[in-house]
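In what follows, subunit A forms one complex with subunit B and a second complex with subunit C.
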Partner chain A sequence: MRALDLFNFNLQVIYRQPMRSAMLLVAIAIGVIAINLLTGLGEGGKRYVLGEFDFLGKNVLIILPGKKETTGGMPPVTGETPRDLTLQDAAALKRLPMVSDVAPLIAGKAQVSRDASNREAFTVGTNRAFFRVRQLHIASGKALPSLPLDQAEAVCILGPTLRRELFGTQPALGEWVRAGDRRFRVIGILQPEGQGLGFDMNEVMIIPVASAQALFNQQGLFRIFVELRSLDNLAGSRAMLTNLLRERHGGEEDVTLITQDSLISAFAGILDVMTLAVAGIAAISMLVAGILIMNVTLITVSQRTEEIGLLKALGAPESTVRLIFLAEAGMMASCGAVFGLVISNILLFVARTVYPAIAFTTPAWAQIGSLLLALLTALLFALLPAQKAARLAPLEALQNKRAA
Partner chain B sequence: MIQLQQLCRTFFAGDQAVHALDHIDLVIARGEYLSVMGPSGSGKSTLLNILGLLDGPNSGTYRLGGVETTTLSEESRAGLRRQQIGFVFQSYHLIARLSAWENIELPLVLAGEPPSSRRSKVNAIVQRLGLSERATHAPHQLSGGQRQRVAIGRAIIMKPQLILADEPTGNLDSVSGGEVIALLEELNREGITLLVVTHDDAIGARAQRRLKMLDGRVHADSGPAQPLPGADSPTHLPEREVDARP
Partner chain C sequence: MRGQDAFKLVWSSVAHSLSKSLLTALGIAIGITAVTLLTAIGGGIEQYVLNQFSQFGTRIIAVHPGKNVTHGVGGLLSTVRPLSIADADSLRALSGVEQVVGVVQGTGTIEAAQRQRTSDILGVGAQMPEAWRFKLSLGQFLPDDESGRSRPYAVLGYTLRQELFGNQNPLGEFIRVGGLRFRVIGVIEQKGQMLGFDMDDIVYIPVDQALQMFNREGLMEIDVTFSETSSSAAVAQAITRQLTERHGDEDFTLTTQDEMLDTLSNVLSVLTAGVAALGAISLVVGAVGIATILTTTVRERTGEIGLLRALGSSQGQVLGLFLGEAVVIALLGGLMGIVLLGIILVGFSLVVPNLPFLISPMYLIIALLVAATIGLLAGVIPARSAARLNPVDALRAE
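Entry: the complex of A and B
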């Protein structure tokens, strides 16, 4: 039997039973939609989380005060608080040969006001290197000046949202704002950008690190970003940084080093497993569709027993009869899968429009995979009924008493 | 063309063995016109089913065109049915969703013929059967006689050697029944071997050779007919080699 004839023959069968065909189509479409939507959610979530770390270059390490035990459990109860990370630590790190730059960071909330406008703003004390390490861009004005780490200066850079809230449409560069009991002159405005590691850079005020120490009356650093000259021998560089800080901290290893890589790989691993688990759950709906296909095909075979007998009497071999029923299931599955792909892409598009921050897209492997899975499921579950049809004895099938 | 030797077909109803065919010996020559008559349960339908390779015997041999069929695989038997045998059933067995034209075309489609050659063959048959105006109608839009003509069209589209008709007029009034029989006889005059199973004495009597069956045996056989008056007219159907392969 020719492929086109087979197609037309089955098309007539499918048209003749619109309810049954629509039901199968919807079942398969739902399976495909489930796979695509859930994978899309998983992928979107993963990209969103990983995007949070994206602002850091690969050659940047983050040093946090305190030892984070990866094994979990309670912190030690010896009553020792970890030693602060100090500006002197940062300066010592910068003197290491493989370190190209360091950016210390102090962060806190400060009441920022200008005339009558007044709000609490997230205030970051750092140095000029921070702008490069954190990949911040200046929209107008300039970044922090290059200063010795321990030198305060009454200048600040504002995030675009904060600037708008304080100054409205008036020019801000060169104006003064008050933070706590100090005044800072606005020398630069940041370009708008997304969030990173939980702080919104659009609402931030950046000041020299020494000024922040004075403002918050706090010596300890929140963290230190260390930029390495190269990624070669990352493990060796880590060891040298750790050794240096241990020596400086009286022999105690009381800091944590994080690389962007380790963060991303830890999260990516978890998120991949989540995406797969979610896709697996979705695949169960395909299994349900498969069982429905088997049921419906079995019913079809028994309804069309007489026709099968006739085809055999007309000389159709077993292979042709089997092919007819397999092809019918395959046609329905392909149709339903394409339908499902279209619907799920529309839904994902709507989701992206409503939540632009999260890139809900289904990767190509999942789209093609769901299509193939639908086809495979249909063929697999139709095989048994098709085989049953093919094996019918011609005479018994023909005599299956039903009016023509 | 057909040779049956000591052919038996036994069914079991519980422990009771029913000898539907009991050691049948029968030889049918090419171009013969046979009627098979007999009471219900005499084995005439079983004989037709075995001759049509829809059913197999329990013992004995059946040679069709020189090929021993009892040892063939189901696939080879399907091939013989496709190439050599046309069936006409009492209940037509048309596919309801297909038009008259498509029902006639079906054997060609199953055999994988290209559409271009199918079209001319089906058109020729549709015209010959006087179904041109009804070709696009579905079976339920046709009268019984028209349906049976469609079924005959389907039976002869592959140019078979043998037509097996099981009560072809059983569901028809006498006028359309007569037309159907006339059509079958016309095909027989062109060289097709025709075997008609019937209850109707008048129809049975029209055949040159008449078998009467009783309890699974051939009770009476009028014997091979003398050459027909019109047998020397050219046959429209070419002789063909038996090909048992599907």
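Entry: the complex of A and C
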């Protein structure tokens, strides 16, 4: 039987039972839509979240005070240690040949006020390098001046939300705000941006690190960001940084080095597993669709027993008969899958239009995968009935209408 | 038509092509299994997480420095208005308050005679064991010394004791924590992990010593427990009033344990419902399956329907027969699904005994009801087409 004949032959069969065919199509389409839609949502969510976290350059290391013997658990987030990470440590790190820049960080909360309006704000003490390392952009005014690390200056940069809370529509540049028991002059406003790593940069107040030490009455740094000149020999650079700090800390290794990449990859791993799990749950529906295909093919075989007998009497081998039924299932599944793909892509397009910030797209592997899965399910579940049809004895089939 | 006869008719139709009915039911069964299994896992996880949190007791209020802790890091950051040990002590006098524990956490080196280990250091008040429901396996907990003059005593977590002393008796031995000398006076019983945080790899020292060691002014958290007879709202209000009076401003945040558990439980329930809804996609496909098969049945039995109608059956009766068939198939599927669920659960419990599953008879009844409803909905279109057949045409179709 030629391929075209086979196609036409099956098309007739499908047309003869429009209701049943349509429903089979719908069943497969639901499975494909579910898989594609959910992976699309998962992927979009993942990219959005990772984008939010991806604010440091690839060549930036984060140094946390404190270390734990057991690795793999939580890093020492509180950062309280008997020996502080100091500004001198930061300065010493900066002198290493492979380090291009260093941004020390003290983070705290302070009541920031101006006239009657006040607000509890995240206050970050740091230096000029921080703006580049953290990829912060100034909307108006300027960034922190280049100061020696240990020199305080009563200037601050405000996040856009904090600026609006304190000043409303009035101009803020050049004005004074009060934080704790100190006053700072506003010299810059940050551009609005999303949240990342728990810090909302829209509500932040940035001051020189030495001023923050005085404000919070605290010497130790919360974090140090180290920007490397290149990523070559990352392991070697890490070892050198650790060695330097160990020497400075009396031979004790009491810091933890992490890269943003390692944080992100751990996170991406979790999100991938979640997307896969959700898609897997959706794929159960494909199993149900497969059972339906098997059921319908069984019915078709029983209804077309005479036809099969005729085919076989005319000399069609078993393989041809098997092929006919497999092809019918395959055609149905492909149509349903393509139909499902089209609908899920339309739905994702609508989602993208409504929430432009999140890139809802189903990755190619999921699209092709769901198509193949639909096809494979159909063929697999149709195999048993097709086999049954192929094995029918020609004469009996011709005589006995209800053989199956 | 009598009910009994109707049932016989429906059943004979289901049993006539048993393999077809069973396959259709299997589709529903898989859907029901998916939904009940996912709900059971979700419910189990919810209970597990809630147990993890409520092992510290439910009558706890946590006070953190800073006004909003929307980012959950409030206690870790520096603040211009720290919570002091004196603040914590002042809360003891409030009515209804049972225990008050100030907490500071950090990391550092812990050295015994032979071995050393870098691990978590927790500065806590003397009432910690009662407040957090910790039990000691050896010795005693930190004594209730006057703040600022506490003696350098330390209590070890289970793992830390094993790492530093093995099976030797650690009581009375000296260790160095962050360079300072402490005498071990107790060991806490094994607590296990909580959400990835090893609660046994910790040394407990007096909170004032910890503040000094970390050169820190304020506590990271004050935990207040209250008596059974007082309510969390009343105690929270008293704490707020007391601390506001001391600070001149409300520059701290209260989290009550029961509120937190409620929120957590809500979030987890929504997640479970969401995952179960995903499983329900299979049920939809199963419903399409019932509709498809029933359509075929209606076609096959057109003559029979014609006969019934010619003999005086009403449209409603024919409708009822086919709806009945759909419901019977779906219920069959529901039962199969429950059996399948049972097999999976038994299989799981043999392979991994400690998986948290929560299954209640309620679920199973709901599962059957859902299956029946789906059968009913799926049967509507084919049953209506059967009922609307013209008796004469239908008879002729034979």
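What we mean here is this: the second predicted complex is superposed on the first by the 313 of 404 C-alpha atoms of A that agree within 3 Å, B and C clash if a C-alpha of one lies under 4 Å from a C-alpha of the other, contacts with A are read in each partner's own complex, and residues count from 1 in each chain.
We adopt the following convention: contacts are C-beta pairs under 8 Å (C-beta built on N, C-alpha and C of every residue); 3 or more make two chains touch, one makes a residue touch a chain.
Because the structure is predicted, anything quoted here is derived from the model rather than measured.
Note on subunit A: of its two partners subunit C and subunit B, the one contacting more of its residues is C. In the superposition on chain A, A:G51 contacts neither subunit B nor subunit C. Residue contacts after overlaying the shared chain place A:K312 against subunit B, while subunit C stays out of touching range.
By the touch criterion defined above, A:P363 lies against neither subunit B nor subunit C after alignment on the C-alpha atoms of chain A. In the superposition on chain A, contact is made by A:Q12 with subunit B only, not with subunit C. Once the two complexes are overlaid on the shared chain, A:L395 sits against subunit B while remaining clear of subunit C.
In the superposed model, A:R2 makes contact with subunit B only, not with subunit C. In the complex of the two chains, the subunit A residues touching subunit B come out as 1-2, 4-5, 9, 12-13, 16, 306-307, 309-318, 320, 394-395, 398, 403-404. On subunit B, the positions that touch subunit A within their shared complex are 49, 52, 54-55, 74-75, 78-83, 87, 89, 91-98, 106-107, 109-112, 114-115, 139, 154, 158, 246.
The touching residues of subunit A, counted against subunit C in their complex, run 17, 19-20, 23-24, 26-27, 30-31, 34, 38, 66-70, 73-74, 76-84, 106-111, 120, 122, 179-181, 198-200, 212, 215-220, 222, 252-254, 278, 281-282, 284-285, 287-289, 291-292, 294-296, 298-299.
Residues of subunit C that touch subunit A in their complex: 19-20, 23-24, 26-27, 30-31, 34, 38, 65-68, 71-74, 76-81, 104-109, 117-121, 178-180, 196-198, 201, 213-217, 220, 249, 251, 275, 278-279, 281-282, 284-286, 288-289, 291-293, 295-296.
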